[in-house]
Amino acid sequence: MNTEALAFEHNYIFNTIFLLFSGALVMWMAAGFSMLEAGLVRSKNTTEILTKNLLLYALACIAYQVLGFDIMYVDNATAGWLPSFGFGIDATAEGATQPREVDFFFQVVFVATAMSIVSGAVAERMKLSAFLIFSIFMTAVIYPVEGYWTWGAGFLGASVEDGGMGFSDFAGSGIVHLAGAMAALSGVILLGPRKGRYSSKGVKAMPGANMPLVALGTFILWMGWLGFNGGSQLTLNSIEDANAVGKIFLNTNAAAAAGALVAYLLSTIIYGKADLTLIVNGALAGLVTITAAPDSPTPAQAVLFGGIGAGIAFFAINFFDKIKIDDPVGAISVHGVAGIVGVMLVPFTKDVSFLTQFIGIAVISAWVFGASFVVWFAIKKIMGVRISEQDEYHGADASECGIEAYPEFVGSQS
Amino acid sequence: MNTEALAFEHNYIFNTIFLLFSGALVMWMAAGFSMLEAGLVRSKNTTEILTKNLLLYALACIAYQVLGFDIMYVDNATAGWLPSFGFGIDATAEGATQPREVDFFFQVVFVATAMSIVSGAVAERMKLSAFLIFSIFMTAVIYPVEGYWTWGAGFLGASVEDGGMGFSDFAGSGIVHLAGAMAALSGVILLGPRKGRYSSKGVKAMPGANMPLVALGTFILWMGWLGFNGGSQLTLNSIEDANAVGKIFLNTNAAAAAGALVAYLLSTIIYGKADLTLIVNGALAGLVTITAAPDSPTPAQAVLFGGIGAGIAFFAINFFDKIKIDDPVGAISVHGVAGIVGVMLVPFTKDVSFLTQFIGIAVISAWVFGASFVVWFAIKKIMGVRISEQDEYHGADASECGIEAYPEFVGSQS
Amino acid sequence: MNTEALAFEHNYIFNTIFLLFSGALVMWMAAGFSMLEAGLVRSKNTTEILTKNLLLYALACIAYQVLGFDIMYVDNATAGWLPSFGFGIDATAEGATQPREVDFFFQVVFVATAMSIVSGAVAERMKLSAFLIFSIFMTAVIYPVEGYWTWGAGFLGASVEDGGMGFSDFAGSGIVHLAGAMAALSGVILLGPRKGRYSSKGVKAMPGANMPLVALGTFILWMGWLGFNGGSQLTLNSIEDANAVGKIFLNTNAAAAAGALVAYLLSTIIYGKADLTLIVNGALAGLVTITAAPDSPTPAQAVLFGGIGAGIAFFAINFFDKIKIDDPVGAISVHGVAGIVGVMLVPFTKDVSFLTQFIGIAVISAWVFGASFVVWFAIKKIMGVRISEQDEYHGADASECGIEAYPEFVGSQS
Amino acid sequence: MYWLTAIVRPFKLNDVYDKLIDEGIGGMTVTEVKGLGSQRSTTEVYRGASYSNDFIPKIKIEIAVSEDSLERIIEAIVESAKTGKPGDGKIFVSKIQQAYRIRTNEIDLDAI
Amino acid sequence: MYWLTAIVRPFKLNDVYDKLIDEGIGGMTVTEVKGLGSQRSTTEVYRGASYSNDFIPKIKIEIAVSEDSLERIIEAIVESAKTGKPGDGKIFVSKIQQAYRIRTNEIDLDAI
Amino acid sequence: MYWLTAIVRPFKLNDVYDKLIDEGIGGMTVTEVKGLGSQRSTTEVYRGASYSNDFIPKIKIEIAVSEDSLERIIEAIVESAKTGKPGDGKIFVSKIQQAYRIRTNEIDLDAI
């Protein structure tokens, strides 16, 4: 066996191991979102949000396999905007540096992440069936189309030499997180706030039922994010790759840490107490922020960026309550606002213009918000998106799933 | 250093990394079973089932180290049926492609999985000590013997050229999951149903106490299964291996997704609600089904197979209640019935006959059921397998562990 | 490309993959400690301990990045005792076998582990702010200094040829676990026991509020420990490395299993019941014990060592209650006492003297206990370390975080 | 003095509370209870086995009231708790001999 | 009308319930309580420290009954709740002045 | 016989319990309740939205006592439950017609 063949084979194996285990970590984020959201809703809506998370993951996997992956990656024109509909998970191209199945697996878990973001924001009042139908559109079409425009080398993501804009979003602050937040935002607007949330007396607190789940979900997401950002290097078969991935792990972890600390400080200064739910939002906002470019900042910059993103998201949470956008888990602030911050910070450490980044954000937001709005609106007209007032009062667990999350614990909180 | 030596060394390292991290994921499944089962029992039996799961994992590790591994893999005759008793975790054979310890670690976590299946089915009424004693026999002898017959190249698993039957069960739909279910079934039959479960009024629902744990356990198992099936490729040191493992990850994930969706549809159609506990059973049944051959189906077939297994398991859950086999978590349906489905689907994608597969199932079932029955029966005669009626009323937590799972939450549900 | 260059590059990649995924597993231990501790405290202190664990992890990451790593590893004299203050996460040295960032990432998660140990022991009565300030000192200075003395090739850890003592502690039974326990012990002494814990009527049991979290935390730690001990091999680029890491995984798992079983037997014999909280302490003590030398014992020895450590820790838990050292989670026994056992067992399987090991323990203990005591004492004088009696009565959740962990479940347990 | 025990629907508690505050009552004590009466419970299905909880969650409100205000307060509760469907609940009235305020040692009407 | 307060063992609730339904009562209200009496609590050990919960879980059943049926219902409860071991519980009877059904404004015997 | 209903602060339960045992009472029944009265609840902030629970956790103690011991027991509760700050609670006394001990069929004073 000659050295080149050996190097090729080993590189192929390196990439496979790396992407599969990174992908497993990203898959694990589905559990993180489930636990986080289950902890932040009231107990009467807990089973429903768990069911929603499990089923959205399942639906995303199938929808992306049947259609989404083809739209996003197969046979598309470079720097174009209209995707083709080639079909091809199975075929590993000649000379590819890893199996096509591995590419697919790593990509499919990203789709599920984008969709998971939505479920928290619409919690405690949406029909399960309406949500699941939206999931199909989101994961089969809406996300893949903007995915093609960016990572699929469409008009946004293709390099300037190739006729694209050279939009830069390493692991998806905009492409995944902002997109998820925009789909959530359009849904929340059509859906309205939870009953009793906003009244003349101000904003009514609706405390989450289970804080250990909130912390657990956050740790799971933190861990999974190492695979999310690390794996986005896509190959690990050279010293350069190894250096990059090492830096990504370090920076990702540091940005999350900084985000948690900034939220802690703000919560303590402004509200006098260390609100755990805001602190976890801070950590996650730090992660979302660094995701657009985890490979280029110095560790000190990563701390700074994570802190900035978390700080802005902190105030955004309040802002959305002011304008009566009811987001029980803070998803729109954490993934949307911090996602924008992340994308706009890229020019500080990479050679790309603010304008390009801004256009990228605008295009992604407009597309995802608009297309989602149309889908939500159609669902609303055809079958309704919201459970009845009585069902909302008694909880979605009873109306949608028929089983209580904690049948033996809860007093008549309702 | 010459290329061959380098290739050899690197392959050895690849296999080691791959199997150790896959093994860690399988080890993690012990947590998955614990959480799933703890969520599905009533709160008064929760500490006990957690204790059982922790201790069965510990016992399995020691029993397999002392005896099981030797029975299953060391110095046995090819295509034979009587195991020898060589002893040899430590010795890595000359020319081996990975350390013996790594083989052992990957195998020992499988034993624990098989045993974990049992604990859920006998929940809420079995003596802790009786269960632990059974665990020793199961993990030291019963499972290893059929393990030798199959993966250990005994008469079932050895290829036809080598004088065996060529039974094909890639990662253990039959060898691990059906075996666990058969041990459970024999135990449940001797043990009888939970008091009050079946009466003239029909089947009494005994809702699980904690749905977030059910969802968490499912996600853990889903994640761990990637290692369970992926790692069963056993080597990852060639392009073929990489392609195979990529396919396995994709198919495993797809089958689980399909299983969840099928169970969701059936639950919604038949019962009118999305019963989370049935949906997770569906996802797990999908996983069990694909486990017999995750490397050969196309992704579309994987979806189909996962869906079929989940559908059949769904009805099996009802069937076992009809014949008054009380299985609080659905383990016999999910691991046993879907396990059989998985093994019988192999001939559609691999070159093996239905008859061979059927004989494999028959032999495994007969051996495990029979041997388990003898052990359970002996335990019953000597010390009893069931806690007293009063202890069952007050819960196994008080009688077996002396501590409540949620001392501050639960009203006098008893 | 020549074979040497290829080997170098591939080894670099091997090490990177191995350390990053091992590091991810160690990072995951932060979740394990959080869940374990959240399950073992009463519900009124649950949010606070979760917040504490999340923030200590965040603080540890930043403090170690800014100062700790520099103290521990950069530009220090071999076999010396006074660290220098070089600064250098970014620079990967010429000829290094893995990226500097990867080294850092793997080390930083260890610091967090050491600090996590403290939080459980001081639970239910310490001010959040006091704890966080201590965390900074611990992770920026106290731990790094003894880390330099040992793993940083200072006077304890440098080999005898290099003028050091050759103290041997593979993955940190003493350096990490005993150190954490000593910081905890000094804090607990200054802090005093929880109100009502010790009275003329004896020791008052204060049962943990959530056993599933206890079991979950234990499984997480068990899994993470595979990375903790395995990754401490630091390189995985040769057959010898692969053999060593395989052995480490096997032994680590076996010692934990043995520890759990010994604690089960002792609990059943002495108290008549299988106390889950003592069993998990046993498993963890087994892990702590094997950590000092997971690479040298035979599997049978690993079982023996794990069992010994767990047995001694079991009685230590009682002993500390006798002398009125109130440690709600048993951290001082599990990490401190079993840590000492682990270090003192090394001479049985490695070429190092008992005296050397003993001196190592003495130096680490004296330094960490002493320095911690000074810091705790200063905090106590300046701002107080303990919440008010009234706040302790109502729970730290209300006073420190303003939110209840389970707002809908808990009766007026207070 | 009278002891008034009202059993109402949980989700009406807030309305009853607001109404009673309007009526100027000084205190009350609330307990989560389960009730059985003419209201039929719903049937749920869990893993294919149907079950119904015969006992339906209710809220018990206890108030010590003076003779004067008794009628007014009963009125207020009836008004704010009524939906017209089975399960609205009941009010029971019994006599109290004495009342004490622990804090001040005040007794009877001064205590409530 | 009488107000009947029975304290019984939790695990006897189902038996008592079945018996009372047989006796044709139209409603009752159930509360989870903790009781102290002649029954001794068990001692548990947690991490080596023994503890006993002096208070033992009990179920309180409250029923408004007419004078006629009082004896019969007391009888029924005694019969169905008895085990003969300390802790079986008590029944207390007091008078009610008035009763109202919120839904219908029915009063007194019609209300219960 | 009298039925004594005391509402006290949860954290005073142990003191009251010890005192009542000293006074030699044979039994009591305890319920977790929520109370409303002159005590003001604290305001908390959750994710920036402030909220206050108007209902404050309290403990209700119910004791059947003989005429003789009534005063003494009221005294004992007042003494052990007092802090002097709003929220200490109340004691209400009403009459019981009959009492039964289920285990033994003893009645009235023998039963309590």
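Letters A, B, C, D, E and F mark the chains as written, and numbering starts fresh at 1 in each.
In this section, a residue touches a chain if its C-beta (ideal position, glycine included) is under 8 Å from a C-beta of that chain, and two chains touch if they have at least 3 such contacts.
Note that this is a predicted model, so its numbers are computed, not measured.
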Report summary line: Contacts shared by chain D with chain E include exactly B, F
Requested in this report: Identify which chain pair among B-E, C-E or B-D reproduces the interface of C-F, meaning that over half of its contact pairs, matched by residue number, are the same.
Outcome: B-E
Report summary line: Per the C-alpha centroid definition, the whole-Å distance linking chain A and chain B comes out as 33
Query raised in the report: Just curious, how far off is chain F from chain A if you go by their C-alpha centres, in Å?
Result: 52
**Report entry** Inter-centroid spacing, chain D versus chain A (mean Cα positions, whole Å)
**Finding:** 47
Query - Geometric centre distance via CA averages, chain F-chain E, whole Å - result: 18
Query raised in the report: What residues in chain C touch two or more of the other chains?
Result: 3, 6, 10, 17, 21, 207, 210, 216, 271-273, 275, 277, 402-403, 406, 409, 411, 413
Query - Two or more partner chains touched - positions in chain E - result: 31-32, 44-46, 58, 94-95
Report task. Let me know each pair of chains that touch one another. Result -> A-B, A-C, A-D, A-F, B-C, B-D, B-E, C-E, C-F, D-E, D-F, E-F
**Report entry** chain D to chain E touching residues, read off their complex
**Finding:** 2, 6-8, 31-38, 54-55, 58, 60, 74, 77-78, 81-95
Query raised in the report: Can you list the residues on chain C that touch chain E in the complex?
Result: 202-207, 270-273, 275, 277-278, 317-318, 321, 330
**Report entry** chain A residues touching chain D - in the complex, by the definition given at the top
**Finding:** 393, 398, 402-403, 411-412, 414
Report summary line: Interface with chain C, chain E side, in the complex: residues 44-51
Query - Footprint of chain A on chain B - complex, ascending - result: 3-4, 6-7, 10, 14, 17-18, 21, 25, 42-43, 207-212, 214-216, 218-220, 222-223, 226-227, 230, 236-239, 241-243, 245-247, 249-250, 253-254, 256-258, 260-261, 264, 271-277, 279-280, 283, 298-299, 303, 406, 409-411, 413
